[in-house]
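We call the chains A, B, C and D, going by the order they appear; numbering starts again at 1 in every chain.
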């Protein structure tokens, strides 16, 4: 289990990194935290001629920015760093909740937020969370910069809209309004394992407790983090708890079509998604009630 | 001096292991050693049509590449360990040149400057395979016109055996109540944290091969190699390194890699090292467990067992490494119960999956699963308490030695030597707070919560023959050296056998060293498996140490001019009536009796060469026993199981080091919990393994293992002078049955059945909803 | 035999001692420690980041040395199991492992020690649940974790 | 692993069958596939490159039309290949059946895919999704080409369609097609009879 041969590059400037990516394109791969890529290289499932290590690109990519309107997580922010950030816990609690369930601290110490997103494992926690946060992904290449909405970023297992010469420079989220409540629920066989299914959910509630905006995404049940639009529709426009749990579960089950594998059948995963959606909504309601108490 | 046996002496091994100074095989300094990597079959059943090594050989850094055909001289069968006259055996070759029978079977070996380069070269080997139909379950293997695991076979059956006592058919026919069920226990692996490894160096000057091997059985490996290489045993030295990172059974087997690596080192006249990586471990280290039991029990209205019939389909894997596992299974079914009529039918068959052999528990967890699940069903059928049904059927403490009526793996009539099954079960239930737990269960059940209580009891044959030996020597530096053939994998042999030797010698442990696992230091041995070493090597060490004490005391008395009865040890000094002024150190004794003076006659009465040895051959297996009880809560929505309480009652006779025994039991329990809830070595229908990394195969972490209340009773074995029995597997054996019983009990209001281990969240939810369709979808079932 | 003609020169410290070595592009940090520096206390159990046997501390953070390249460690301060003992004596955590029989075969032990060492620096380990969480990123096949939990609670107060 | 799907196409059944029974066309539609040599007797040497994120495999082997019934409009194509880096083998048997429906044709594709080696040995059902998607793309592309109505696509001269592995850019385009979404919907209902 030793990685195949590659040439290692450790650019010091973003421009240099982008030039390398432009030069090597499909033959290159960006190395950030390496906690997903390195196992694949060790297994020789992934092959790469040029490894572009962006870890030396400098401090500004390693610090989250909590601006007035936007929270930005650049490419080198480690998962553990954000998990332990009090400010992040205050403004993006759902991200903190989810981060605690990503593998183990030793992995999160090196693993980055953007790296997990760019790796795009649909069973991972972060893609679904950033989906409900409606994040904006900033992609940069020597050709220029573009932004992509979360809904458009993920294409398939391990596949995103990132072109071979692009880096996911940062991901940004609008600062949530005070009436926004969120939850992350997942069920894994064993601590730190990939979840059999996971659900990230977020609701905005008006003064009467009526949900004005709802976004729910499921992990591990499709080749991409899957927004559950039908459930969102059911929840929006009424108070939390008004729609019956069984109705919500049925809607969620109907919306996902997972794949059967050795860990669980598709039927189980569909059922589980329904259960987790309800649990997430109960959690949100509890938080909302606590806020208004 | 206080006795050391029975004392929780801190381990001697710990200091080096805690400071990173352990010496595992891959840590050994072997100057100029080359790295080896194996190309392994990617097909479950295939024929090699053509193999082209040329590109691999040309890669810079590659020293040599060999296919199986290139090493024709060593392609001789690796013999099964436990045979049977009716066994249909297929030769397991070290690196088959023609037909391959499982994914992971060695096809070629690359020897290179580094492992990195060796793995690069594997990618350059070009093989054309003819892919043949594969067999990936016992059900498929026993299908009348199904594919054959070996193309030249007439069927996939390895052996069909029946063991019986009484008249089971008649007893079942006339029994007032009869229940039958089918149970399945999934494949699982040993998963020692250190995978297998072999290194070898050939000395052309002496013609000797030195082999470092993570084996549990160095003498067995040497004997096998001697036959295959046609070399004298004395020219082959097999050393299990001082530290081996866990064994659990798979390292007790003998593999093709152990044949290929030393041979290649000899051919190349260069040291060669192969360290199995985890990916290889998943597809080539032997596994165990997969069995289907169709069990039928007959019982009266009081729940007294009248007859048990169990038909067992055992997955032998691609080859028969021996019938040890299924033969242990058949003997373990009866357990601690009086069963007047019993019939056990074994159908062992070949499949195109990694061969199976013992993994911690070795055939017992499956038997206990079938029997103990049925005990619960009997209770359910009669509306009785499952504990009560068990108590009514237990063999009583005054019935030992108890003859079950069938034979054990060692060939002797299955005869339990000692135990107190009622006390063990009672103690276990008391500690669980059984009555309160049932009350709590009823209360919470009324609140809509799913609480279950599970119990399982077992009897474990251990301490098997044929023999194990020990040598005790006074070294010329004045220390006592105990040498064992057995090789340890973390059990603490350096500590435990120094404790026993200390008592035998009457000399403090500080002056005693223990060496293990080196064939050049002791001529005969068997190895560490089947929880046998304490009960076999233990008595040998005690005897050799006692002999040595006599020799030392006689020598000292002679030199001190006194009666041997007047000599005792203080520290390393043999003293006349405890007087340090009139004493001799061990070094001084060694100078006289061992070192001597060239050409000078020994003093009168001194016998030269202070070395003793002893081999202990038990008359038959000893039987440890135990009972587990668990209280769990099941979340019927997710299928999640929370273990609220877990109690283990354990009886392995006398114990040498209580803390280490606890460690064995608790470690075994974690393994059993893995089999109960997590570990599945799944294959698809084509024989492709589906769990080949720890992302897909879940080993329990500290977060999954609950706190366990462990207690012991001690029923000494009359079969050895220490009164000991094995302790390494008892924690594992009943765990799958206990958890399954508890889960089914929790789900009783829903009528869900748990007929399979492990019981996973998905299967629980499917059982609740009766999703037959979904069940069928999950592969590997 | 090096992979390519040009390796990467890397410098840094391991357990406070400076090193200056040339490594191949693809050599993992674990192999570097074991093969180049001959610090064989760091073990490889799975090489895909799950078992934790290879855990070392890189600039204060517990990390899997099988999932890092040696060249990435350039300029860092690395701590391994070999650096834990103080003046030749087992440190508090090591002593607690020994006292509580927190190890059997010892292969996973180094990784546990490094993970727990890093966790203890972040704050006290107060209760069993916390201890189990801290331990859950490493796998032990021998002990069943009971001794490990006790050791961590004893040392981590 | 059995992957079944079907699609309707606005074209005459015989023309659809003529298109599909030609290995060149199938290769041109299959993501990442390329025929490299005509071995005669409806047998071809070719390669298929699979790329899922950083995971790649490149199978080379032989594809042949093993059965063809122009009357029933059934053709069976079999392809066997092995990974260039020794990571395993792939074998696919695809049965295509074209039936007439009002206004056009219905094509049913039944593909029995067996993959061995590393790619096949990961328990999370990624390969099932990948295989399903590849066959789905084949169907999409075939429909596109047939409906474009260029009989020329069936000519051997047009074989030199550049092989593009399954990857982001190709997918993005197909993902946007409503038809593809419906197709994926059907694919997900596929039972994994593996």
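One rule holds in what follows: a contact is a pair of C-beta atoms (placed from the backbone, for glycine too) under 8 Å apart; a residue touches a chain by one contact, two chains touch by 3 or more.
Nothing here was measured: the structure is a model prediction, and the numbers come from that model.
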item	value
Shortest chain-hopping distance from chain C out to chain D	2
Pair of chains joined by more contacts [C-beta pairs], A-C or B-D	A-C
Label of the chain whose CA centroid is most distant from the centroid of chain C	D
Chain centre separation (chain B, chain D; CA means) in Å	48
Chain centre separation (chain A, chain C; CA means) in Å	29
Centre-of-Cα separation between chain B and chain A, whole angstrom	43
Where chain A and chain D are represented by their mean Cα positions, the distance between them in whole Å	32
Chain A: positions in contact with at least two other chains	1-5, 39, 43-44, 191-192, 194, 260-263
Of all residues in chain B, the ones touching two or more other chains	116, 123, 277-279, 682, 690-691, 693, 695-696, 701, 703, 777, 779
Chain C residues counted as touching two or more neighbouring chains	3, 26, 47-48, 133, 136-137
Listing of all chain pairs that touch each other, if any do	A-B, A-C, A-D, B-C, B-D
Of chain C, residues touching chain A in the complex	3-4, 8, 25-26, 28, 31, 47-49, 52, 55, 61-64, 66-69, 71-72, 115, 118-119, 133, 136-137
Sites on chain D touched by chain B in the complex	82, 85-89, 91, 114-118, 120-124, 191-192, 194
Chain B residues within the chain D interface of the complex	39, 42-44, 103, 122-129, 131, 283, 682, 684-686, 688-693, 695-697, 777, 779
Residues of chain A touching chain D in the complex	29, 37, 40-41, 43-48, 119-120, 123, 155-163, 194, 223, 257, 259-263
Partner chain C, residues of chain A touching it in the complex	1-8, 10, 34-35, 38-39, 42-43, 51, 53, 55, 80, 103-107, 109-110, 191-192
